[in-house]
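Here come two complexes built around chain A, the first alongside chain B, the second alongside chain C.
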Partner chain A sequence: MIAKSSGKLLLLAPLLLFLGLAYVVPFLGIVRWSFTLPEPGIGQYRAVFSDPLVQSVFLRTLRICLVVTAASLLAAYAIAYVWVRGTRLQRMLAEFCILVPFWISVLTRAFGWLALLSNRGLINTWLEAAGITSEPLALARNELGVIIGMTHFLIPFAVFPIASAMRSIDERVLLAARGMGASRSRIFWTVFVPLTSGGLIGAALIVFVFALGFFVTPAILGGGRSVMVAELVYLRIFQSPDWGLGAAISVILVLFIGVLLAMMRRFIKPAHLVG
Partner chain B sequence: MPQRIPASEITAAQIGAAEINAENIGKTFGAFRALNDLSLDIRRGEFLTLLGPSGSGKTTFLMILAGFIAPSEGRLMMNGKDITHVPAEDRSYGMVFQGYALFPHLTVEQNIAFPLKVRRRNSSDIKRRVGAMIERVGLVGHEKKLPAKLSGGQQQRVALARALVFEPSVLLLDEPFSALDKNLRALMQEEVKRLHQETGTTFVFVTHDQSEALALSSRVAIFNHGELLQIGGPQDVYERPASRFVAEFLGEINLLPLKGVIRNGSGATGRFEDRAIILDRATQKIGDEAVAAIRPEHMHLTETPPPADCNAITCCVEGATYLGALTKYHLKTKTGTPIAVSIPTAAASPLNSRTDVWVSWPTREGFLLPAGE
Partner chain C sequence: MQSSRPGPVLLILAMAVALFLLMPLIAVVPVSFTPARFLSMPSDTLSLRHYQALIDNPAWAHSILLSLRIGILSSFIATLLATLFGLGIWMYQPRFSALLIGFVLLPLIVPPVVSAMTLYFLMTTLSAFNDWIGYDTWIGVALAHAVMITPFAVVLILVALYQVDRRIDLAARGLGAGLATRAFKVIVPNIKFGIATAALLSFVLSWEEIGVTLFITSVNAITLPRLMWMGLRDNIDPAIAAISVLLIIVTAIILALGMIVGKRRRDVH
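Right, the complex of A and B next:
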């Protein structure tokens, strides 16, 4: 028994070693910075909780992440439904829509959205040409643009756990509900949705955790006006020599995500996440 | 919406009246003919079992009855109204699925209340009916449990309670006992029989287990390859099967090919090996050759010649199987036709292999089937 499990550990060793060297060791270094730069103490943490700028960035990040999570879940639920329960053609189309974004880099997608949403972008040009608007709508370089871009990126991550939950529903349970006289909308709301709640919670946590650390999309689509936490860390470390504060923000973010991941483990099985 | 008649108000005249008529129902799935020209009346208050091997069309017919699939041809009438295209949710039949199909996220109580909530009954009414139903199926004390915390038998009871709580006029059961072990099965069979008698609801029950069908039903319909082969009371179909398939599907049977068959009033005579065989019943249309079919439990084994009013053939003992209450002897006739004879173990005397014995049976037992098939 012991020999067996140590054999398995040996197989895992390269991954553990890599994660240790690439993440844990550098993170310990960041933790040290957060307590030592510019001088030893918990001054940086005190600053994080008292600096109104840092606080407003944290609040904005939370707000954007919540909206993005809600929007992603809504869209992912619809896509997963078509993917799992649609006709053959619908299923193929849904699969295409889920997989194609995976093959395109996050940077390309952010610039793609910019091309669509900016003041001189396709949407505003068309709206003005059609005489619907006279002024360009503020779709990008603000929170709205960030939310659109992030939601688009995160939908596929929400689709997998939701689709997995939908697939594991016993068809006969739905038939039984119909046989008892339940309307389609009642079956959807009182049977189908509750039976996918595990997938929904899992999807919500994944999307939220991913969203917290977003950097590229907000930097491009937010146009510097909708700074999120990850961008703030970047600014503190690379633009103002404030490594200690940047490090402290990073540590808080990692701890927060750790708590969320621990919650996720309680709610869903890891197998659900990959579908 | 079919009008529900409470059990207490069903008069003798109404029992036996046709409630559902299936008229020339056919169903094709792609290239597969699942049901062919099926006509069948379901009588109010009866316990009708659809019996057949898998792929025989019995479950397809049940699903058509439930409204989950539409027939390719034919029509379905209920109390004189055409319900062929009425969707399942508007038919309001109770249904117990294979594997029970309980709502895994709802407690026992909530599962049973579901059909009542759909019908927008008020909460005091729901509470009363659910409570009464829980008591009736013996689930008191389990009200707040989720289905996953229940045993197979308890889940089965929840499924029955949920299907009956809204007092449907018809209850459909799709192989409900297939997942239960033998003892629990027998127990649940009794339970279903009792519920049928108490509620007066029409039960339509699908199974591939012939003993279950014979034990429970007021009538049995036997299916094979999408055809309805025969329908009748358990004793009718067991003792007077219309075909070799029905005879063999309902239980083990000895088949003796007869030559020179001659009709003789309501019976017939024929020759098996060197002996004349007389059968009092021969309802089948038969030719010169036919098959005499006799159940193993209707035959006797003796070491001396049997009385003259019995059919008798000589056989050689090949071996015996002890089955508890019964002992089954395996024998062979002179020409090698295998014969099985079941004898209550208490009455069985030890017989050595290779001894010659007489196998006999009264002329009133057994029946004739067409040769071939």
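Right, the complex of A and C next:
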């Protein structure tokens, strides 16, 4: 018995200790900052809930995250369907299109969108050359650019749980529906889609939670104009040193996500995070 | 399977999504050949000056070497810790497995900006005690990356472990194998592909990590993404396009090879 528990400890303890010391303990330090900087008390939390600027940032973040989640789910569903149920060639092409962006850095991808969307970018150059527009359209450095860039980043994360739900559908259920005379589109909408709802909810949660904490893509594609919550933390720490407020926002974000995930935990499967 | 191949509507939609996914990666190619000093489309002449700039400016080579070093160290730490942890969960199935797994996934679930602040706190604290590990040092960055990438390694290794037949471990135990033999001579060889994938993904994630790196480096530990970030924020430097093209090509080749090897493996089994 002693040997058994010592072996268990030997294997489990290193990672738990590492994360405890390098992650949990410092996070408690952040919590402390939120109550002590610049002066002890709950002043920073009061500021978060009363400052109209902070509130407008929270609202914008929520709005962008919802739009991005909806767009990512729709796009992911279409390509996941082809990845799971397409012909051999279609499956391979879909897999390539999903995995290549997944493995490429967020910076490269954000830069790619700048190359497409900025004033001297591909799209505006073409539109002007074709005589369709006379001045560049504002596609980047605004909220639209942020939504496009974030959706692009998050589609692969939405594909994995959806594809996994699609794979686990029992083929005989679909055959039964067909045998009873249901049309293709009826089978899709009333049998297939409902059977993947667990995967859809899991995907929505992952995308929404990831979108909340984003700051690299918004910082590059938003051009400082449509600041989201995570970028606000970054700015509060590095530009207008207000560590207490940054810490308080961080703590609120973590609490919010913790509650959200606790409520929805049955829809999350860790294996879905890496495809 | 044949009964419900994607219909025309879904196929068109999926093709649009595929195009959307690849578009920004393709768009950097023409930009990288612009003769201008700013982000633009080349109009009549193509130029390799931005590729030349990657060679001429030693900062790029420095940051690439630094990122390699950090990637290797952090991937090693993450893979090692994740493998031990996965073995512990799989072999002993402790009562609070789900809770333990949830705990080690924290750095993945918590918003990156909060993790970044947390690790900033850790690094500045460590810097107060020593010069080697802490804020703006390469070992400090590697440690911080290890924290961030371990969850991914844990997930990949657990997925690999769940496919192992428990009977081989029972057989080894029945034959009198001790813990170390069971873990490293029986189970690990059966998940070596999963471990290799975890190490590779860990390396790539560290190689491209920017969120945390931004917070914990200033002038010394300038990783490749950190250098790219500096070129992206102020005036967009087309050298970023050149380095992006190279990174995309390398990634696509590795991935295509991985897909071919993976297919062959699946065919063998």
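Heads up, the rule we're going with is that the second predicted complex is superposed on the first by the 256 of 275 C-alpha atoms of A that agree within 3 Å, B and C clash if a C-alpha of one lies under 4 Å from a C-alpha of the other, contacts with A are read in each partner's own complex, and residues count from 1 in each chain.
The rule is simple: a contact is a pair of C-beta atoms (placed from the backbone, for glycine too) under 8 Å apart; a residue touches a chain by one contact, two chains touch by 3 or more.
Keep in mind that this is a model prediction, so the values were computed, not measured.
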| item | value |
| --- | --- |
| Which superposed partner A:Gly29 touches (first chain B, second chain C, both, neither) | second |
| Touch count on chain A, higher of chain B and chain C | C |
| Chain B versus chain C as contact partner of A:Leu144, first or second or both or neither | neither |
| Contacts of A:Arg109 with chain B and chain C, given as first, second, both or neither | second |
| Which superposed partner A:Ala47 touches (first chain B, second chain C, both, neither) | neither |
| Chain B versus chain C as contact partner of A:Gly181, first or second or both or neither | first |
| Partner chain(s) touched by A:Ala70 [first = chain B, second = chain C, both, neither] | neither |
| Which superposed partner A:His152 touches (first chain B, second chain C, both, neither) | second |
| Which superposed partner A:Ser118 touches (first chain B, second chain C, both, neither) | second |
| Touching both chain B and chain C, residues of chain A | 175, 178 |
| Of chain B, residues touching chain A in the complex | 66-68, 87-95, 97-99, 101-105, 114-115, 118-119, 162, 166 |
| Chain B contact footprint on chain A (complex, rising order) | 170, 172-173, 175-183, 186, 190-191, 194-195, 197 |
| Residues of chain A that touch chain C when the two form their complex | 3-4, 7-8, 10-12, 14-16, 18-19, 22-27, 29-30, 33, 75-76, 78-79, 81-82, 85-87, 90, 92-101, 103-116, 118, 120-122, 125, 152, 155, 171, 174-175, 178, 184-185, 187-188, 192, 209, 212-216, 219-220, 230-231, 233-234, 237, 246-247, 250, 253-254, 257, 261, 270-271, 273-274 |
| Contacting residues of chain C [partner chain A, same complex] | 1, 3-7, 10-11, 13-14, 16-18, 20-28, 30-31, 38-41, 77, 81-82, 84-85, 87-89, 91-92, 94, 100-101, 103-122, 125, 143-144, 146-147, 150-152, 154-156, 158-159, 179, 183, 201, 204, 207-208, 210-211, 214-215, 225, 228-229, 232-233, 236, 240-241, 244, 247-248, 251-252, 254-256, 259 |
